[in-house]
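Two complexes follow with chain A in common, the first pairing it with chain B and the second with chain C.
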Partner chain A sequence: MAGLVLRHIEKTFGRTRVLHDVSLEAGDGEFVVLLGPSGCGKSTLLRIIAGLEPQTRGSVNIGGRCVDALPPSDRDIAMVFQHYALYPHLTVRENLAFGLKMRGKPKPIIEERIVETAALLEIHDLLDRKPKELSGGQQQRVAMGRAIVRKPQLFLFDEPLSNLDARLRASMRVELKKLHRRLGTSMVYVTHDQAEAMTLGDTIAVMNHGRIQQIGRPDQIYHEPGNPFVAGFIGNPPMNLFEGSYRLHQRDLELRAGDLTLRVPFQAHDLVGADSGTATLGIRPEDVIFAPPGSGHVAVIGTIDLIESLGGDAVVYLSVKGQPLVARTSPALRQHAGDSVTAYMKNFHLFINENRVPLPSS
Partner chain B sequence: MTPSTRDRTTGWLMVFPALTFVTVFSLYPAMDSFLLSLYSEFPGSERSFIGFGNYAELFRDPVAHQAFIVTLGFVLLSTTLELLLGTGIALVIHERFKGRGWTRAAVLIPWAIPTVVAAQMWRFLLNDQYGAVNAILFGDQVDAYVPWLADPWMAFGAIVLADVWKTSSFAGLLILAGLQVIPDETYDAARIDGATAWQRFWHITFPLLKPALLTALLFRTIDAFRAFDLVFVMTQGGPGDATQVIQFYGYKTLFTEGRVGYGTTISVTVFVALAILSLFYVRTVGSKLLQREPA
Partner chain C sequence: MTKPLRPALLGGILLAVLGSLCPFLWFVLTSFKSQIQVEAIPPTWWPDGSLGFYTSALIEHRLLHYIRNSVIVAGATTVIALVVATPAAYALARLRMAGKAWILGGLLCVAMFPHIVIAGPVWQILERLGGLNTHWGLVLPYVSLTLPLAVWILTTFFQELPFELEEAARIDGCTAWQALYRILLPLAAPGLFTTAILTLVFAWNEFFFALLILTDPGRQTLPVGIALFQGEFIMPWGEIAAASVIATLPLIVIVLLFQRGIISGLSAGAVKG
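Moving on, here comes the complex of A and B:
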């Protein structure tokens, strides 16, 4: 049974359309991440799922039941908010109990659930404190506890870790993943942080300008980005994208971006109608190397503008015939800024008319 | 000069203007009033030191007792009504609707009108012969016209009404400020938690509004205790002593009867009572305000 099915969701605020025909399915127990830059409509979509915002068109199904006409409280969901939204005047215990109390659950059951949840999240010693007496991480736990205690069918997370510092965020990420495995409940998680998306999601839906750009497993999204936006959005540093005019030759494709000409191996493909036109060629920074490799690489000569050493590896910023090229490589690089260097590239990504065109693996 | 002495000198220089202002315009008059209250003095006669004689008299004065009761009734009734109405106003102008800006401005108009003007307006409205209230209620039936301000209870009701009309919007403004700091997310969370509109008000809005309500309460009680101009314009304390609030009694004793010492004693007593009340509020409410969760 599907945990969540969204069909052709549209949303307009006045004259502005913020969501365009969004359809999405999450299986029972699946962890779906809505990933996109701010303003892409991901939080609005989450609020529509929650029932906090009505959609203009389309339908929302949760647990096999259409919930379009139901208020948030009857959708069997729980939500964790970006700013936690704990009730500041209530203790942690009262915060956890609030939803159950509003639903008229008997006291012994409420107490039992609180104890259970507190144990799961290791917050039992915080139960009698008020939210302001808690650290950010503790508040985050309580916010999750408030969601868990109700045992909903679907969890919604709206950038829940974005207010925590980097270290805490990383550890909460791990805990969240464990929690999901333990509870086995479907989760929809909104974030703009690709690291969170890649580590947490079973499925990632990348959004931009109110449209879903690509839905897939994290490795799919990373290795086979469906369009230049996804290619450029996922990965750190982002993929190098060269936009220009292409021409097909017998066994390769030639792309001219400014003064730079790249020739990559190519086989005829249905998606490519014309022998020439405009295209985008992408290459991930880690697929650019400086040591002479065996074969199958495309070599270009560039000048190093800047080297950023990150300890474990280094990010090298180059100019290649006026085009910027970023490489991620080992910090043992001998060259320095200003040096001329040959860069070898393979594993290109080709996009024509905004669509990915598979290239023969080199 | 060591840096610390220089810092000190700069510090004193900085506070000097404010300190002078407070000393000349607040501290000195307060002290002088207190000294004056220890004398028996009439204009044109010798002042004689009588210690706390004036205070002893005030303690026994039945008119003063009556004035205290009227003041207390006025404070309780008007403050309660203003807070209730203010909360209602705040809840309405907090909602998003077309023309909210204009509504907010319109709501504040009574508060912007000077009290003396408002009081005069109410006196006209309630006039027993040509007042709009009688005209609206009874039209041509002139015989039925009610002399509102001539009846002790109705006159008291009238000054309460005028005060409530005038200052509810101010209370509303303070409460609105309190409403605006409650994040929308909190309400979203409560909606998902299954709270109905009434439960959201009772369990979320009301408790989170307490600091704002207490601030409004503080301002309004102190203001109501000092009520003078409404009474001065509308009723002159009458009929009988029905609307004679303590400040007005003090004024009358001092300026009409010329009992400088005794009139000052009344003022000083009100001043001390308010100081104690303020201190109490700041201690209890103020500490709660400081504890308040930053939004």
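Moving on, here comes the complex of A and C:
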């Protein structure tokens, strides 16, 4: 049974359309991440699922039931907010109990659930404190607890980790993943942080300008980005994208971006459309290497502008005939800034008319 | 960490406090004097501790009676103003609606009207409604006069409370009203206290409308009652002083009781509003 089904959701605020025909499914127990830059409509979509915002068109199904006409309280969902939204005048215990109390659950059951949740999240010694007496990480746990204690059919997370420092965020990420495995409940998680999306999601829906750009498993999104936006948004440092005019030859495709010309192996019959036009060619920084490899690589000569050492590896910024090229490589690189160097590239991604066109794997 | 104040600043503060307290202190002293002391020239500073003016004010001038009227009028004004202002402020703070800034600005303009300008119409309206010489006839203009400020203050308070709290409450099963009184009102308590005190002080001390609307001594409130203490030939300063002290005491007690809430209320509105 599907945990969540969204069909053709549209949303307009006044004359601005913020969501265009969004359809999405989350299977029972699936962890779906809505990923996109700020203002892409992901939070609005989450609020529509929660019932905090009515959609202009389309329908929301939760647990096989259409919930369009139901208020948030009757949708059997729980939400964790970006700023936690703990009730400041209530203790942690009262915060956890609030939703159950509003639903008229008997006291012994409420107490039992609180104890259970507190044990799961290790917050039992915080139960009698007020939210302002807690650290950010503790508040985050309590906010999760308030959602878990209700045992809803669907969890909604609105950038819940964005207010934590980097270390805490990483550890909470791991805990959240474990929690999901333990509870086995469907979750929809909104974030702009691709690392969170890649590590947490069973499925990622990448959004931009109110449209879903691509839905897929994290590795799919990474290795087979559906369009230049997804290609550029996922990955750190982002994928190198060369936009220019292409021309088909017998066994390869030639792309001219400014003064730079790249020729990549290509089977002409794979292309439905014209023999020439504009295209975008992408290459991930880790697919740019400096040691002379075997065959199948495209070589270009460039100048090193800057080398950023990250400890484990280094990010090299190059100029290749006026085009920027970023490479991620081992820090044992012998060249320095200003040196001329040959870069070898493999595993190109080709996009024509904003769509991915498969290239033969070389 | 508190630093010791500079002498000049400390002196300035003391001067300001003394300056504003001086008339009141003089009244307190006068209220404990005897008639001879009050009329003495040169004036005597220290009273002999006589309670004669108090008994005279309470018994001969029926002060308790005026106090009762004031409690009814000021109490009703405060309760009604809060009950009406709270949902209005909540709506203004939360709902997406056109012309919100105009409504708030308009409220502020209304609050600026000099009372004398609206006195005539108010009197005529009350005469038609049969509200002259009734308590509700006074409560009605008092509520309209205090509402703008009350709505304004409470709106600022509600605006400062994060919207997420209400959404969390709605997901937890609250209706909009439940979210208001279970979550928002407890958090806006300083704002409610501030508004209540300001309304109460206004209604308790208001003189002009009370004098205009209440001509029947049986209905008059404290300020009017005290003002009408004066006889044809004498000004009973002692009784007036005693009555003023009695009239002021309840306000001082209430303000002291809720001091912390009010201070946080006033500063929150001032700094972040």
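Definition applied: the second predicted complex is superposed on the first by the 358 of 362 C-alpha atoms of A that agree within 3 Å, B and C clash if a C-alpha of one lies under 4 Å from a C-alpha of the other, contacts with A are read in each partner's own complex, and residues count from 1 in each chain.
Note that in this section contacts are C-beta pairs under 8 Å (C-beta built on N, C-alpha and C of every residue); 3 or more make two chains touch, one makes a residue touch a chain.
Values in this document were obtained by computation on a predicted structure and should not be read as measured data.
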Clash or fit, chain B versus chain C on superposed chain A: clash
Contacts of A:Q82 with chain B and chain C, given as first, second, both or neither: both
Partner chain(s) touched by A:K132 [first = chain B, second = chain C, both, neither]: first
Touched partner set for A:R251, first chain B, second chain C, both or neither: neither
Residues of chain A contacting chain B in one complex and chain C in the other: 50, 52, 71-73, 77-79, 81-83, 85-89, 98-99, 102-103, 146, 150
Of all residues in chain A, those that touch chain B in their complex: 47, 50, 52, 71-73, 77-79, 81-83, 85-89, 98-99, 102-103, 130-132, 146, 150
Complex interface listing, chain B residues touching chain A: 183, 185-186, 188-196, 199, 203-204, 207-208, 293-294
Touching residues on chain C, where the partner in the complex is chain A: 162, 164-165, 167-175, 178, 183, 186-187
Complex contact set, residues of chain A against chain C: 50, 52, 71-73, 77-79, 81-89, 98-99, 102-103, 146, 150
